[in-house]
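Each of the two complexes below includes chain A, the first together with chain B, the second together with chain C.
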Partner chain A sequence: MPNYVRDFVFVLLPLLVLLGVLPFFYRNELLLFNFTIYFALAQGLNVIYGFTGYLPFGYVGFFGVGAYGFALAIIHLTTSPALALAIAGLAALVLGVILIPLLRLSGAYFAIANLAAAQAVYHIVSNPDLQDITKGPYGVSLANVFAPRLSYYSALAITALASVVVIWFRNSRFGLALQAIRDDSLSAAMAGIPVVRQRTIAWLLSALIAGLTGGVFAWHISVFYPETAFDISISIFALVFALFGGATTLLGPVIGVLLLYGLYNLIGITIPQYFQLIYGILIVVLVLFLPQGIVSLVSRRGIRVP
Partner chain B sequence: MQAEGLVAEEIEAGYGKVQVLWGISASVASGESVVLLGANGAGKTTLLRVLIGLLPARQGRIWLNGEEITHARPDRRVRSGLAYMSELGVFGGLTIEENLLIGGQFLPAARLRRSMAKLYEIFPVLAERRRALASSLSGGERKMLGIAKALAAEPKVLMMDEPSAGLSPLFVSEVVRTLKQLREGALAMLIAEQNIAFLDLADRVYTLEGGRVRFEGTVAAMHADNALHRSYFGLS
Partner chain C sequence: MSHKDALLRVEQVVMRFGGFRALDGVSFRVAAGEALGLLGPNGSGKTTCINVISGVYPPSAGRVFFADRDITGKAPNLLARMGINRTFQSPRPFLSLTVRENVELAAAYGGRGSLPMGIEDILDFLELREFAEKPAEGLNSAQQKRLDLARALATNPRLVLIDEIAAGLNPLELRKMAQCLRALASRGIALLVVEHLLSFLEEVTDRVIVLNAGREIFEGSLRAARHDQEVIRVFLGTAAHAG
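After this line comes the complex of A and B, so read on.
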């Protein structure tokens, strides 16, 4: 069985089936939705961080732009939610294109510049002077298109899309070339890899995933504020989940979201006073002993992780 | 100009305001091995970077197998049959097999498989450890992988930048021995080196000094040039 089929059958399919049937048995649909959103975001972040090495601290910028792209399409253009979702993805792609010059930076400089860009977009959206367009700091309400079940399954479809992109990257020469660029971009160029083009494709795909996720988030929660859609902790969570499980794999971010977001909800409710402490210790231990993520417990023995 | 091989004519190039190459003309024909000899800063690496397309030529023209490639992107040049083994070498985060896959990325799948099988025959040490990360290899093994990676695309012209860099004399002999094996086919080799051990491979030699060609000819003619011998090797 080819690796891409194996990845699909043993990781993605069970995840989709599980998330697909759970709403019929489990009543906390918002929690399931949030899990689904983080599955998509962690894989979207995996696309850019895992395969190219760029650390996008401002990843939430694409998410927020997607959320507002969706909302403004509904409010001003009175489009259907499906078309508004396409506009959400397009809005994130446009922001991605505008930010392409950031790819000339590397390491901490890229991370900081990306964070600053997300903050700049947040301040533009929340500017009271733009209230007529963005509703400024007062937030948006999309009660007229509220459809929790449909938006939940749309989020699931976006998770599937993000995962398929990761499966493609994991099992194609394109993805291998991206990893070569991540390792050493100069040597990659010398090997004939079109570095700029391939990096840009990965960047835009990652932006598209976050934009679509932001759009479906806006649809599902239907009332939100700029600080909700551009909350930096969304970037941090997606990043930590992907790193904790193991970037550059399909399974790593899935494990990261299941364990860490599960733990977040568990200890955040039962012993909230120790939440930050436990979470912090866990991340420090991981960085010290398993910098390649939990999946490296297996992959370091030469076993292929999906 | 020969139809098969690589030809550079009157190349001028540099970095910012600093001009490094001053009208260099050089060529390597199909099946020929040419060594670019020169001290540090002579312009060897800069010339190879211009030839692969990482640095634009300010003046001059380049042909590969009769087709002008002066303004072609590096990936186009690689697709046309040019390969470059840099001093930097290999992708440490990828396995040996993945490095070879990257090297031969433009070949159709079946041809790439054949190419890799042939390379594993030439480099048995790589075949044994094909699933190992390249970062786990020794300096000499990495150099072998670097050569194999460049050959994976079945190039017509192989350019190598200082293949002896960082290697012990024993490994240098091993690299020279391997390259001699490769000379049997139609592959053209252009090797930039400081180490005169590579002269054993050379059909012709160019010596570079201050970004200009100081000498062009056979190894025997180079040794016969006493002035050059003194200035480059410090020998009488």
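After this line comes the complex of A and C, so read on.
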């Protein structure tokens, strides 16, 4: 069985089936939706960080632009949610194109510049002077298109799309070339790899995933504010989940979301006063002892992790 | 060498970094299948010269021609597809990929037409076959240098720029590397070999260019270079006896 089929059958398919049937048995649909959103975001972040090494602290910028792209399409153009989702993806792609010059930076410089860009977009969106267009800091309401079941399954479809991109990267020459660029961009160029083009494709795919996810988020929660859609903790969570499980793999971010977001909700409900302490210790331990993520416990033994 | 015979022509190349002129009007030619040595003390501009030819940075002035095409400032990936490749002073393989993936990727992206040497032949030629399925990060420095060269060969190059490949190799590895480079030249691949170790260089080629402070101070045979007063003054004074 080829590796890409194995990745699909043993990781993605069970995940989709599980998330597909759970709403019929489990009533807390918002929690399930949030899990689904983070599955998509962690994989979207995996696409850019895991395969190219760029650390996008401002990843939430694409998410927020997607959320507002969706909302403004509904409010001003009175489009259908499906078309609004496409506009959400397109809005994130446009932001991705504008930010392409950031790819000239590396390491912490890229991370900081990306974060600053996300903050800039947030301040534009929340500007009271733009109230007629974005509703400024007062938030948007999309109650007229509220359809939680439909938006939930749309989020699931976006998770599937993000995962398929990761499976493609994991099992194709294209993805291998991206990893080569991540290892050494000059060597990759000397190997004939079009470094700029490959990086740009990964960057835009990652932006598209976050934009679509933001769009479906807006659709599902239907009332939100700029602080909600551009909340930096969305970037941090997606990043920590991907790193905790293990970037560059399909399974790593899935494990990361299941364990950490599961724990987050568990601690948040049972002992919220210790939440930050426990979460912080966990992340420090991970960085110190498993910098390649949980899946490295297996992969370091030479076993291929999906 | 006539204008027509030259595969690579470097003409009056200047490379400035701020106020510092790392290359100051360097010109030379390399014929197809020829091995040319590039000598000079530390900081003389040898690696800068290779970086300019391989497109790492465009020169401040001057032109570089390859097979009569102006390639000045072209991106490294385009040069690889035209038939120019290189190795690095400190080897730079793709550490997270296996040895085979390193070589296959270069063949897939940089390869020009069908390879005269297949992937397996290249791995055998550079004694990397036994490590083929291992990650490159597990190789020692000498093996990583051979992998750099293997990756360059996988693009089916007409010219390979070799940057101090002998550094850190033991005598046996040096002898084998010299044999490899001679074999490549005999197959018609032109080589521009930057090297400090004269005993290694004379195993590979006899024609050398000597740089000092970014300027070419000698062009001719290695034997003649050893007796040139200026070369001896700037570089070979001690190395000639040590090498």
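Convention: the second predicted complex is superposed on the first by the 306 of 306 C-alpha atoms of A that agree within 3 Å, B and C clash if a C-alpha of one lies under 4 Å from a C-alpha of the other, contacts with A are read in each partner's own complex, and residues count from 1 in each chain.
In this text, contacts are C-beta pairs under 8 Å (C-beta built on N, C-alpha and C of every residue); 3 or more make two chains touch, one makes a residue touch a chain.
Nothing here was measured: the structure is a model prediction, and the numbers come from that model.
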{"item": "Clash or fit (per the criteria above) of chain B with chain C on chain A", "value": "clash"}
{"item": "Touching partner for A:157 - first (chain B), second (chain C), both, neither", "value": "neither"}
{"item": "Partner chain in contact with A:194 - chain B first, chain C second, else both or neither", "value": "both"}
{"item": "Touched partner set for A:173, first chain B, second chain C, both or neither", "value": "both"}
{"item": "Touching partner for A:186 - first (chain B), second (chain C), both, neither", "value": "both"}
{"item": "Which superposed partner A:94 touches (first chain B, second chain C, both, neither)", "value": "neither"}
{"item": "Set of chain A residues, in rising order, touched by both chain B and chain C", "value": "173, 176-177, 179-180, 182-184, 186-194"}
{"item": "Complex interface listing, chain C residues touching chain A", "value": "54-56, 75-77, 80-81, 85-86, 88, 92-97, 101-102, 105-106, 108-111, 148, 151-152, 154-155"}
{"item": "Residues of chain A defined as touching chain B within the complex", "value": "173, 176-177, 179-180, 182-184, 186-194, 302"}
{"item": "Interfacial residue positions of chain B with respect to chain A in the complex", "value": "52, 54, 73-75, 77-79, 84, 86, 88-94, 98, 101-103, 105-106, 131, 149-150, 153"}
{"item": "Sites on chain A touched by chain C in the complex", "value": "173, 176-177, 179-180, 182-184, 186-195"}
